[in-house]
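I am attaching a structure below and will ask some questions about it afterwards.
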Amino acid sequence: QDNVRIALVVKALGIGFFEAANEGAQEAAEELGNVEIIYTGPTDTTAEGQIEVINSLIAQNVDAIAVSANDTDALVPTLKKAMDRGITVISWDSGVAPEGREMNLNPSSNQLIGEMCVKMAAEHLPEGGGEVAILSASATHTNQNNWIAEMKKVLPEYPEVNLVTTVYGDDLADKSYREAQGLIQSYPDLKAIIAPTSVGIVAAAQAVTDAGKVGEINVTGLGLPSEMAGHVESGASKSFAIWNPIDLGYAATMIAYNLATDQATAEPGAEISMGRVGTVTLDENREGAMAEPFVYDASNIDKFKDIF
Amino acid sequence: MLHQARPATADSQAPANEPVLALSGISKSFPGVRALSGVSLELYPGTVTALVGENGAGKSTLVKILTGIYQPDEGAIRLSGDEVTFPTAYDATQAGITAIHQETVLFDELSVAENIYLGHAPRGRLGFIDRGRMNRDAAAVLKRIGAAIDPDARLRDLGIASKHLVAIARALSVEARIVVMDEPTAALSYKEIEELYALVERLKAEGKAILFISHKFDEIFRIADRYTVFRDGECVGAGLISETDHDALVRLMVGRPVGQIFPKREAEIGEPVLTVSGYSHPTEFADIGFELKRGEILGFYGLVGAGRSELMQALFGVTRPSKGAIRIGGEVAVIRSPAEAIRRGIVYVPEERGRQGAIAGLPIFQNVTLPSLSRTSRQGFLRLAEEFKLAREYTSRLDLRAAALDRDVGTLSGGNQQKVVIAKWLATSPKVIILDEPTKGIDIGSKAAVHEFMSELVAQGLSIIMVSSEIPEILGMSDRVIVMREGRMVGEYPREKVDAETLVRAAAGIGGNDAFRK
Amino acid sequence: MAKLLKSRELLLAAVIVLLLTAIAWRFPGFVRPRNLANVFNDTSILIILALGQMMVILTRCIDLSMAANLALTGMAVAMLNAAMPGIPVPLLIALGVLLGAALGAFNGVLVWKVEIPPIVVTLGTLTIFRGIIFLMSGGAWINAHQMSAAFKAFPRAPLLGLPVLSWIALIMIALMAVVITRTPLGRAFYAVGGNPTAAVYTGIDVGRTRFLAFTFAGALAGLSGYLWVSRYAVAYVDIAGGFELDIIAACVIGGISIAGGIGSVGGAVLGALFFGVVKNALPVINISPFWQLAISGSAIILAVAFNARAERKKGRLILRNREAAA
Amino acid sequence: MNDATQRAVPDRLEGRWTSYLKSWETLLVAVAVFVFVINALSSPYFLNAWNLSDATFNFTEKAMIAMAMALLIISGEIDLSVAAIIALASTAMGVALQYGAGTPELVLVGLLVGLLCGAFNGWLVTGLGLPSIVVTIGTMSLFRGIAYIILGDQAFTGYPPSFAWFGQGYVWWVISFELVLFAAIALVFGILLHWTSFGRTVYAIGNNPTGALFSGVRVGRTKFILFLMTGLMSGIAAICLTARLGSTRPSIAFGWELEVVTMVVLGGVSILGGSGGIPGVVLAAIIMGLVTFGFGLANVPGIVMSIFVGLLLITVIGAPMLWQRLRERSA
């Protein structure tokens, strides 16, 4: 019997998070036995680049494409074409509009992530609360926007958190760094920066360290343990959260396999197995969440920093 | 040491000493051209040696070999008997050879002092350039050649004549025993030329060996002691100036005798074709007014920088005048671009052939048809057969020498490029041709051909405006002469009432017509 | 009057001061010395790169590969540091400078010996360098925790009130000022760009001079490579992506003529500082960062237009009578 | 003197076919065939009509701009703002969409913005006499900057299906609308450059602008028209790309300007102006498309492809020069 070829398309090659997801995918492939993973993506995070990659995957007639999209809408026409040619298409991590995929696997639910971010910031605010700012990626990425919206929804429950502004670092190290610097200068009383992006959180922690504000400003948000270990150690970041990208890649592969081999169908309400991670239940948009984010702090960082 | 000053033997007897520089068997080829084949040349201290020859005879090529810009393919250079090579221009300078080149070798953005000392600036401690000393030294050199120029000024702020003086100062800033001058007077005015002659005399008295290249025979006979003649890259004669004469030299150069007679045929002068009145430009010229008649050659004389080229370019629509009017055949015309001028029958053969005339990179036939494309094409679509036909017709009339009409015009010699430019304009069937320095830097043989051709054109009913800085040419060819000075007309003379002295005085601001005195 | 050149820098300085005053009016904190020092520190790398680009542009060439060179050398030193934390930082910096110079020399050789137009050469090497980083690193990032503490600390270490990074920029400015105005090579850059044909006649090897300009620019890019990765404590394929045009823009704003032969160290530094002030001020005065691109674009266009006007001659004034009257 | 024996100058030195054989295009055809054969041998998926058709989308939009850019570079200018014009035109279409524009209006807006941007570049270069390479670096930031100001982190979506046809539609079987449009544009520009007097003046300007001016060529006007055309082509590319993606973001087509220039230079157009032609650029576009597609089929990361393209650029431009120098040396 032929191998089932599953393409794991990421936002861009070379990002630690996606490399870890690939590890998970390989793990799933090994477990399944007859699966070949094609790990691929553009060089920089553009929709045009992803389209080129997907076109060549369609040409190779792969069995399934699991994509973390650079643009919710721009990929739709190409992915539709893929589905027309009988290829199973799912999105994970950063979703595609419903008409462009069979289902979408969110790493966690937007609501859980938003809440978690605000909670982590609130926990380490000084007595009486303080000013908090958000440093996001270029919010052309869907999920950042959703999380920020969820954060704003739960704010009333945390009166001590005074959200002052949101700035964008475009997921570029230098720009994020400069934006963080700007925040530190414009808001002398700033107490926390929430950066729901792995590039931004590192840059913000670095900027706080360089400004000599460690202990005064707490950087939190979503980041990778390997990248944040140093900053947790120095105290620039008390805690941060992330789902497990290995699990995410693993789960996406499992779902893609199950759909491609017709062991499951993606329809609202369906329950699809994700192997060791459990099952996912699809909502009316054919979306499902994997698990709630996991918090990393000084107590557990050493264990995870060498994994991803 | 040879370059130490020695009492000059003022008479131009051959100095009985050894040559300081001897070239033998020098050859140099460029792709497709053998510029020099086995030439020899000797230079003696305290002596001016004139190097003469037609355009493309290889004179400048020899200069470049002498100064380390080109490497010879064959042959030897001996300095005081020792064989030497000059891998770069720097090495030649170190060996005591300096040159005023035919092309400009200056840098607009650098200061005068830097222009003079670039490549051999005085160094201070740690090898850094000693600016103070450089400026003082530059001031001294400039003073020596009698130029009042601030060494700290930026070169681009200087006038053209001052720039030439800087180039001369640069050549003299190195301690040299051999000074090469490649057409040094081509761009200088009367007064400056006299100063240059005085300088040459001084250098001679200091015992320097001087190589002097010129197309002007009067100055060769005035300042040179010896001569060497090149023809087609070969050395065809050398000797003492005192033992030759004008005709003999020309015969050597061209290989045949050439008359000095200007072939001015009497053309019938008819009604005015071009009338210019009150023509002014904000910075270049003012109050120009004249009339050009059918079949006439109107000469424009003036010193370099008198504004003649600017005026002609304004008539041709390259620049816009601020005031004044033009009438063509009685009809008022506003000319805003060369395209419009061409449409109205005015064409311009520019002074700078390389930059403004020929379009190197395009084939010969495309150069010829460029202004006539509307005629050779149909509804904007090219018709190659028509283009070749037109190009063939006009290039053959001018006796163009080329391998084929689809060759790049840039591969032609200067004279043949000029023919392509003229063919280009004739193909538009113009009424008025403006020729700006049509024979500048052209050898005697080609000159005569150009003059012959001008006569033919007026005989066919065209009108010509000829800008020239050469008095014999102006006197020989023009039906009428206008003299310009500092952007204004200072005199207008019919052919029979003008002589060289009148022209020189008017151009220098001493004389002029009463009509132009306000 | 011959100091027209100087006035161009003065004007740019005035524009920057004006800009600062305007910002200070709404946000006094921005012009506190400490913050201005921050802005300078933040602009240091751009300044160093602009100095390198200036040499290249002076010789009538252009280097589009400087940012890629920076990224490649940055990745190389970061990987070296991660693999062998024992290598002392000064040695690493020296290696970075050498590697950068070698990459620049590669550009230079292609321009000098093969005579490919510089823009084509560096368009090619720009993609090649980036590709090599990918091949070298396999696309992986080098993160803060993989770098040694000394590696990250060096550019931040305070020295007489300023971080070492700022000092390096200051030293480079001084060094470049001496090289450009006081050494034969520096003057040769101007000569080669101002009039290449004439440069040959003065004994200057045009190709070799350009080669040296590319090599020095490469060395500065190499230095910046280390500074960049240690300052931002991260190295990956795409660092400084698109920065090549910022470098050129800084030079252009600083009055360095793209046609070669015109420009000064002061201009390049001020051009870079203008960029630095705008970039740093926007987040502070609460203008959406989305405006930044349009502002720098307009600044480039205005600067080019202004410089072109200043360079254009006022006419040759043949009509001396009129000149005398005026 | 001896006029009778005067030998006439022949029209051509060698036959047309001989000169075609020696031309740059022949080399490019050889490269294209080589790449095609390698791809066909190395991937079983390559020789498939639908796959090849999909592959054309990798280059058609860039190649459309490359056609106009080729003329512009031949004339001695360059436009680095083309990708930014795409972004601005696409944004403008998005804005028009918000105001309820239909497909015809959207197309009109795209073309108009392209033309306006081209006119602005043209005015800066010909009207104010500024060097195009830096001016268009400036407008590149300005145009994309305006797109960012309008859009920020937002996106426009919801383009009507009839509009999507421009980027996703097929004219016949596997022949997409974009491919047909590109072929038509290539044909038009090929004819314009090689068969009309306008094309001739473009070459004249590129070889010697002053000489062309003195020959009665309207240099400024011609260059302005070329900038307009480049703007227009960018507008058309914006329509196709927007229709293909179905959405507008300010970062759309980021970095395309250098790819377009690479295509033009690879096609044998001298970056210094004055020489090159449309067939070469079309071939270069096809080669780049084939290379990207071939590497894609082997799942080679895009960045490795770019190394290949960079090397191709340097060797293809450098090899003939090196070859000539070696020959000169040995001669």
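Letters A, B, C and D mark the chains as written, and numbering starts fresh at 1 in each.
In the analysis below, a contact is a pair of C-beta atoms (placed from the backbone, for glycine too) under 8 Å apart; a residue touches a chain by one contact, two chains touch by 3 or more.
In this text, all values refer to a predicted model and were calculated from it rather than measured experimentally.
Shared contact partners of subunit A and subunit C, listed by label: D. Looking at C-D alongside B-D, one finds more C-beta pairs in contact between the chains of C-D. Look at where the CA atoms of subunit C average out and do the same for subunit D: the two points lie 30 Å apart. Distance between chain centres (mean CA atoms), subunit B to subunit C: 43 Å. Subunit A and subunit B have Cα centroids separated by 74 Å. In subunit B, there is no position where the chain touches two or more neighbouring chains simultaneously.
Looking at subunit A, residues 13, 43-44, 168 sit in touch with two or more other chains. Residue positions of subunit C touching 2 or more other chains, listed in rising order: 130, 134, 139, 237.
Taken together, the chains touch in the following pairs: A-C, A-D, B-C, B-D, C-D.
The part of subunit C that touches subunit D in the complex is made up of residues 62, 64, 110, 114-117, 119-121, 123-128, 130-132, 134-135, 139, 237, 242, 245, 248-249, 252, 258-259, 288, 290-301, 304-305, 308, 312. Listed in rising order, the residues of subunit D touching subunit C in the complex are 124, 128-131, 133-135, 137-146, 148-149, 151-153, 250, 255, 258, 261-262, 265, 270-272, 301, 303-304, 306-307, 309-311, 313-314, 317-318, 321-322, 325. For subunit C in complex with subunit A, the touching residues are 27, 29-30, 35, 38, 42, 130, 134, 137-141, 143-145, 156, 228, 232-234, 236-241, 279-280, 282-284, 286, 289. Remark: subunit B residues 67-69, 88-93, 101, 103-111, 114, 118-119, 121, 127-129, 131, 150, 152-154, 156-157, 159, 282-286, 305-307, 310, 486-488 touch subunit C in the complex. In the complex of the two chains, the subunit D residues touching subunit B come out as 6, 8-13, 195-201, 203-204, 206-208, 210-218, 274-275, 328.
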